[in-house]
Amino acid sequence: MIGGAVFGVVIPYVAIAVFIVGVIYKIIGWANSAVPLKIPTTCGQQYTLPFLRRNIYDRFDCPQTMWETVGRMFFEIFFFRSLFRNTRFYYAPQMKYKDARWLWLFGIAFHYSLLLVLIDHLRFFMNPVPWFSSKLTDGLSLTGVFVPTLYLPGLLIVVALALLWARRLFFGKERTISLPSDHFVLILLLAITISGNLMRYFYKVDLEGVKELILCLSTFNVARAVSIADTIGPVLYIHLTLVSILLAYFPFSKLMHSAGVFFSPTRNMPNDNRVHIHINPWNPEVKGITYEQYYEMYKDQLDEIAENGYKVKPEV
Amino acid sequence: MAIEFKKINGDSPGYFAIVLVFAAVVAIGAISYLANHFGNAPDDMSQRVPWGIVNGAIPYYIGLSAGSLILSALAGVFNIKKYKVFSRMAAFLAIAWIVVAILSIVMDIGKPLHLGGATLYFNLTSIFSWNAFLYSSYFVVCAIYLIAMFEDKQTATRILAGVAVFWAVMVHSGTGAIYGYIYSRELYHSVLLPPLFIVCATSSGLGLLMATIYLTFKYTGRKLDPDLVRSLSKVFLGLILILAYFLVDEMFEKGYMPGLQRAIHFVFLDPSQSIFWCFWLLLIVGIGLPAFIVVYPRTGRDLRWLSIGGIIHAAMIYAERFYLIVPGEVFPREYLPGYTMTSLNTLEGSIVSYTPTPIEWAQVIGLFAVGYLIFLIGLKVFAILPEEATEEVIEE
Amino acid sequence: MEEQPEVVKIEQKFPSWRDMLKPVTEKDFKHGFYHYPILKRDAEYLKDYIPFGTRDWDPLDKDWKLPEDWKERFLNAFKDKLEKYRPFKLYMDICVRCGACADKCHYYLGTGDPKNMPVARAELLRSIYRRYFTKSGRIFKEWAGARELTEDVVKELYYYLYQCSLCRRCSAFCPYGIDTAEIVWRGREILNSIGVTHRFTPISIAACARTGNHLGLLPGGMAGALQSAAEDIAEITGVEIEVPINKKGAEVLFVAPSGDYFATPHWFGFMGYIMFFHEIGLDYTWSTYAGEGGNFGTFQSYELAKLLNQKIYHEAERLGVKWIIGGECGHMWRDKHQFMATMNYPLPSTLEDPVNPITGTYFENAAESKMVHIAEFVADVIKHKKVKLDKSRNDHWKVTFHDSCNPARAMGLFEEPRYVIQSCCNYFYEMPEHTIREKTYCCGSGGGNLTEEVMDLRMRGGMPRALALKEVVKKHGVNFMCTICAQDKAAFPILMEYWKLPVEIGAMMELVGNALIMKDEEQERTLDLRGNPLKRGEE
Amino acid sequence: MISRRRLLILAGASAAAAFAGVSPIAGSPEGTSKDPNVPRWAMLVDVDKCTECVKELIKKTGDPHVKPPCVVACDEFNNVPEFEDKKKDPQWMRIAKFSLDKESVEPEEFYMPLLCNHCEHPACAQVCPTKATFQRPDGIVMIDTHRCIGCRYCMIACPYGARSFNFEDPRKGLRHINPEVPTRSRGVVEKCTFCVQIVDEAMERGEAPEPACVKACRLYSKNALVFGNVKDPNSEISKLMRTGYVIQLRPGVGTDPYVFYKFIKERP
Amino acid sequence: MYSTKYVIAAIIIFLAIVTSPVWYDMASGEPIHPKLAKPTGAHCVENTEWMKAHHMLLLKDWRTMHVREGKVLYTSQTYGDVYNASIEECFKCHRSETNFCEKCHDYMGAKIECFECHTYPELVEEYNK
């Protein structure tokens, strides 16, 4: 009785609340600091003289207008364009530069799988199930092999996470820079995805009850939620609790990169510094030396230049 | 000095235009596939001719892949250094074509979402089962081979080149065996098919590769030593002559058998049948003409002509696939030898015509466009094109 | 050619994350990697910006004699920066330590020191941020990657924050665009607040604040430099040029980095400016008060940057010029392109739209800040065929172009200099793709590292660039690397010597000067601007 | 609550299946059973009776494409759809007219049904990449349509053209559904199963099975089709096979079909 | 520059996405749980709770038993009685596919593939009118 209520109702509610409030708190925290300077990283030719052609990639890598900036952010967010530029420097034996876009591959595999898995999960959250969710799920499932159908992103996400974690475990540089929190997040995500897959394929739970529980939670029908929570198998609560931990941990961790990438000034600002001047709201006054003071200091030399008619002639 | 491979910039309107054109063709192919498999768009397959030209796409594209890969590995295995410049490009094309081939299997089968079953329930006696394994492992071998080349691992590249050639031969022999081991149809059953498949894979792959090399180098403004392509064209000539020999050999072998006379007449001598045209066009236009182009000095020295020859040959190899697959199905089997048969309720016992519909052609051409789309994007994303290709090999 | 040097031994170490949190202190400071402390003279002059600088300390001392309340001041400064700079605050939070930046840093590549990875450099500050400004760090301490702020940590910060050249190469590869330069800049500001600063940049900043240029040239010295440049030109071309200086009412103010006034190989570019402006008959002037385009303040703090760059607008206003051209310099253009107009807003009303008086081109991309890059200007003039160029005069050079970090990644200036160079010489070759354009490697000496005491660091940091150059030297026989940054020009000759590369370094404007056929040039030139005999018609 | 033991058994079994690659209980034994207690089903066609019946029907209806009762019963029992387009129309059992290939002698025509031969060495099972087609111990060659990927390799391999592919959703071609037999879906191959549902049910009850076509033939009082266990020397089919000349179709390919055709011209 | 309007827009979008299920469920007005047709018969093949989660596994095992092994009968492990191992057996109690299987599967957004081939009472009725 207590178990169901705690794991099925209290923990999810708390986690969601922490998640929402935390993320907004964090965003507002960032927003409270000004962006004093416009510092885009330009990775393409700037907008310049008309005869120097800017190609389409320059437009996105070195945006001049708002729409080009939007384009840059789009490619950054949906295709990880910066990571796609990745090269690796090889010390031995030839000291060469090579493409090394594995990180991009693993990263994009993980993130897209995550997106698809989340869209698939809409069937637990929405009643009736939205058409795009079920259509997408059908298209990505292999039937005829297993019961239920093999949902490919659900498996791919485990593989991608394992590969991402393997990088951190086996590569020297990555191991060095990985903090416990980095491992923690990967382990947590692995645990969530593996428990989800186990639940899907092996340790079945009564999904009907799960959906009922979630719908009760989302319509704040707490009493009914508590009563249903007790009828569902414990396997679900492993998954659900891990997800709750992730949600509650989200705002206080590096996972905030998902929101932060939108705020990054090196990416979300156009490179039009000399056309539209950026205003720094706290621009300080700085008292430097004025020309008058300068003139006082070097009066004789400046006067000499003036005497020569403000020009210098070669003495041949 | 090692050969330097570079990405193309891929920023010209021409590049985007050609990508868009191929993408449009792919879209048309995809739409026809959906219309065919989920809607009512007609194909001309029937209970008698269950394998049409979309099925023919499988051996065709695997052929292109195997051909490209064998060429790519020439440099590694036989240590022909001057072809090293093309090895990455050819290996990448091999990957593109195997992807297309696997895609064509997916498009051909009735239940693509059940495809996982083919890996899960392995049937030792089924060549198709073996091929499912061979195709996927071939893709992996190609990919590892290409990665080894990207990483400039010399020894690994050479070893993998050997493995890859072996695998390509296996894969394409296996594909030939799909048809060649069918003992219930006399026109299929042939021991020559596996070697013949390898020869025509290499020749069609090489023919298309010559054209691809020429066009790619031309439109990316790279220097291409004509002698390189010319020496390739000699290999090409040899291959198509062997192919012609095999075809004629098989024709005579089948024709020698009295029991097959009617079938042979139907395949080779009946101008009212499309198969007749397939075969003779293949022999005359697909083999004779390219051979002439290579041999005739004026055209043999002109890369444009050589490319045309390569393209013609590669295109006509499709006719070869048609000629290999369709007659065996179209020509009725004798269930009770010596007796003529007519079925009351079905089309058994008579010749069931098969004329591919535009819907089917759109799928095949769409698949072709997928290959080139992958190639075009690959040119931009990976360093597969050499800065220039010259005959002389500069030792490091 | 001499023997190639032994490849510098690079020891790569991969310590555990715990070891990464342990500070590197004065005991481990390696000679050739740490900076000398600020001079008292400069500290006195800049005491409003860098307090406590006048105390007696040395980085190798155990006791750095930090002020009593240094911790409080440090954290207050930290908090202040977090509140003022969204990028700083954001970049403290969102790094996922994916490692994409790790081997992008030339210092990491050259030294193998794990703390030179951009991510690790930022982690030095992040660990403090977590400990004092986040809940999780306060609770989980070390396990959240947080660490106490101790004197050792300050020492480590000093050591590593001055091993960054602010080239932003890592930022180009970071999936979130985390800008290590921004973090290091803030870090240095925070260190300044407790008087921990190195020696090199404050010298120049103080000098520039006083005299108008980093080198501390007095107005007469600057005029003298211009005069001897004009004399050198006359010697080589036979054309005598009058160079305007401090001229009121000129149309354009020209600002060059002060290295150009006397250093080699800057000097030949300096001659190039004068010849070019003379040839096209531009009504321009040099200025002694705003004689410095470069801005070492941008390596230190916002205020110091403004202290130096505000003079340019003041001078433009005083002289009544319409707009400004800036010379060849790297970090100067980060300052001029990204900072200057913001820092000095509103701009003097006397400025007018930047329209090229020779060709009539309106420099739309400098519409508001009124400052045009010399490469943009020259490219425009060349495009309109207003000058005659003889490419064959540069035939003795096989040229490659080094994209300087800041014009490349903070401005997007790629095609203009290439256009100019290719109009001026016949033999131009690009270095490998991964080392040019936005992926360009730093010379290893930028960001305040152009100083003798960190020579080891500089040479190691220059390794990737040297290797890239070696490729084209081997392949095409390149013997001239053109660059548009004053620091490059100062740093590369030493690097070339160190890596035994037979390559001369030079300015874009030197090539222009060489190729320029001047109207009043009477006899055929036989020498290039360096006084080397011209080699023509070969090959 | 859930029975934990069974849950683990079931879950474990499917887990093992996933990792081992094959279902532990789904493996079909190679070849038919040697056990004398396991029957070997076969069909015997009396060609003379069949010819007589078909000729009679053609005469009666005047339709040269008439479907005799056996075919109708087959279609009805097995939910075999009917489509206008002959090219796409699946047919499990069909009647064919044969005559000696000598026009000069004006040979007499005979009719006989064609259906899946349930071979001893089925070419279709040999080539099926997913083991969707398999042979049961009692000799019936079955298609597990759950597994079929629709590659149609079996149709190419089958020497008897016994297989049909569902180019269309079969339900579009049905006017009546027999709930005992599933209608197949679009994209899979189907063929005669010797009415396996009837066979299994009869075996369960201990009766002699009688597939739909055989039953129809008997009810039409022709008795041209006989179904039974050839392993049992006393079965009707074994007895009948001893009374005449029995042939198999295309014995040369070595598939060893188990639909036998008996020729004895018993002239009155 | 604080770019306040973008930040506020971002927060609103974030909130909208995160809380979308709540609005969606409230707006749709669907009951939290659909009314399924009541089956006749005393009990299901196995324990009802177990069947809820595992019915498809049972059907899959039935299908393997029946199709590949020719075993037709299944003995319930809970109740010990014998059933025909066939999906038709289900319809003896669950008289309606549309109001039972389909309704619940629609609710869960899970696709039923069984009835692409297998028949169910409503379908047979429709065809055999």
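Before moving on, here are some points about what is shown:
Letters A, B, C, D and E name the chains as they come in the text, with residue numbers starting at 1 for each one.
To be clear about the criterion, contacts are C-beta pairs under 8 Å (C-beta built on N, C-alpha and C of every residue); 3 or more make two chains touch, one makes a residue touch a chain.
Please read all numbers here as calculations on a predicted model, not as lab measurements.
Annotation of subunit A and subunit D: jointly contacted by B, E, touch as defined at the top. Across every pairing of chains, the maximum count of C-beta contacts belongs to A-C.
Among the remaining chains, the Cα-based centre furthest from that of subunit E is the centre of C. Of all chains shown, the one whose average CA position lies nearest the global CA mean is A.
The greatest centre-to-centre distance from subunit A, using averaged C-alpha positions, is reached by D. For the pair subunit A and subunit C, the distance between C-alpha centroids works out to 31 Å.
Remark: subunit D and subunit E have CA centroids separated by 34 Å (rounded to whole angstrom).
Averaged C-alpha coordinates give centres for subunit A and subunit B that are 43 Å from one another. In subunit B, the residues that reach two or more other chains under the touch definition are 111, 114-115, 117, 120.
Multi-chain contact residues, meaning those touching two or more other chains, occur in subunit E at positions 49, 53-54, 57, 60. Counting partners per residue, subunit A has 31-32, 34-35, 58, 143-144, 146-147, 149, 204, 233, 278-280 as the residues that reach two or more other chains.
For subunit A in complex with subunit E, the residues that touch the partner chain are 16, 19-20, 23-24, 27-28, 31-32, 34-35, 122-123, 125-130, 133-134, 137-138, 143, 147-149, 204-209, 211-212, 215-216, 218-219, 221, 224, 231, 233, 259, 262, 278-281. By the touch rule above, subunit E contacts subunit D in their complex via residues 46-47, 49-50, 53-54, 57-58, 60-61, 63-65, 67-70, 72-73, 77-78, 88, 116-119, 121, 123-124, 127-128. Of all the residues in subunit E, the ones that touch subunit A in their complex are 1-4, 7, 10-11, 14-15, 18-19, 21-22, 24-26, 28, 30, 32-33, 49, 52-54, 56-57, 59-60, 104, 106-111, 113. On the subunit C side of its complex with subunit A, the touching residues are 7, 10, 12, 14-17, 20, 82-91, 93-100, 102-104, 109, 114, 117, 119-120, 123, 134-136, 143-145, 168, 171-179, 182, 209-212, 218-220, 223, 226-227, 230-231, 233-235, 240-248, 285, 288-289, 302-303, 306-308, 310-311, 314-315, 318, 337-339, 341-343, 345, 347, 361, 363-369, 371, 376, 379-380, 383, 408-416, 419, 432, 434-435, 438-439, 464, 467. Residue ranges of subunit D in contact with subunit E, taken from their complex: 1-3, 6-7, 10-11, 13-14, 23, 25-26, 28, 134, 136-138, 142, 144-146, 174-177, 179-180, 182-185, 196, 200-201, 204.
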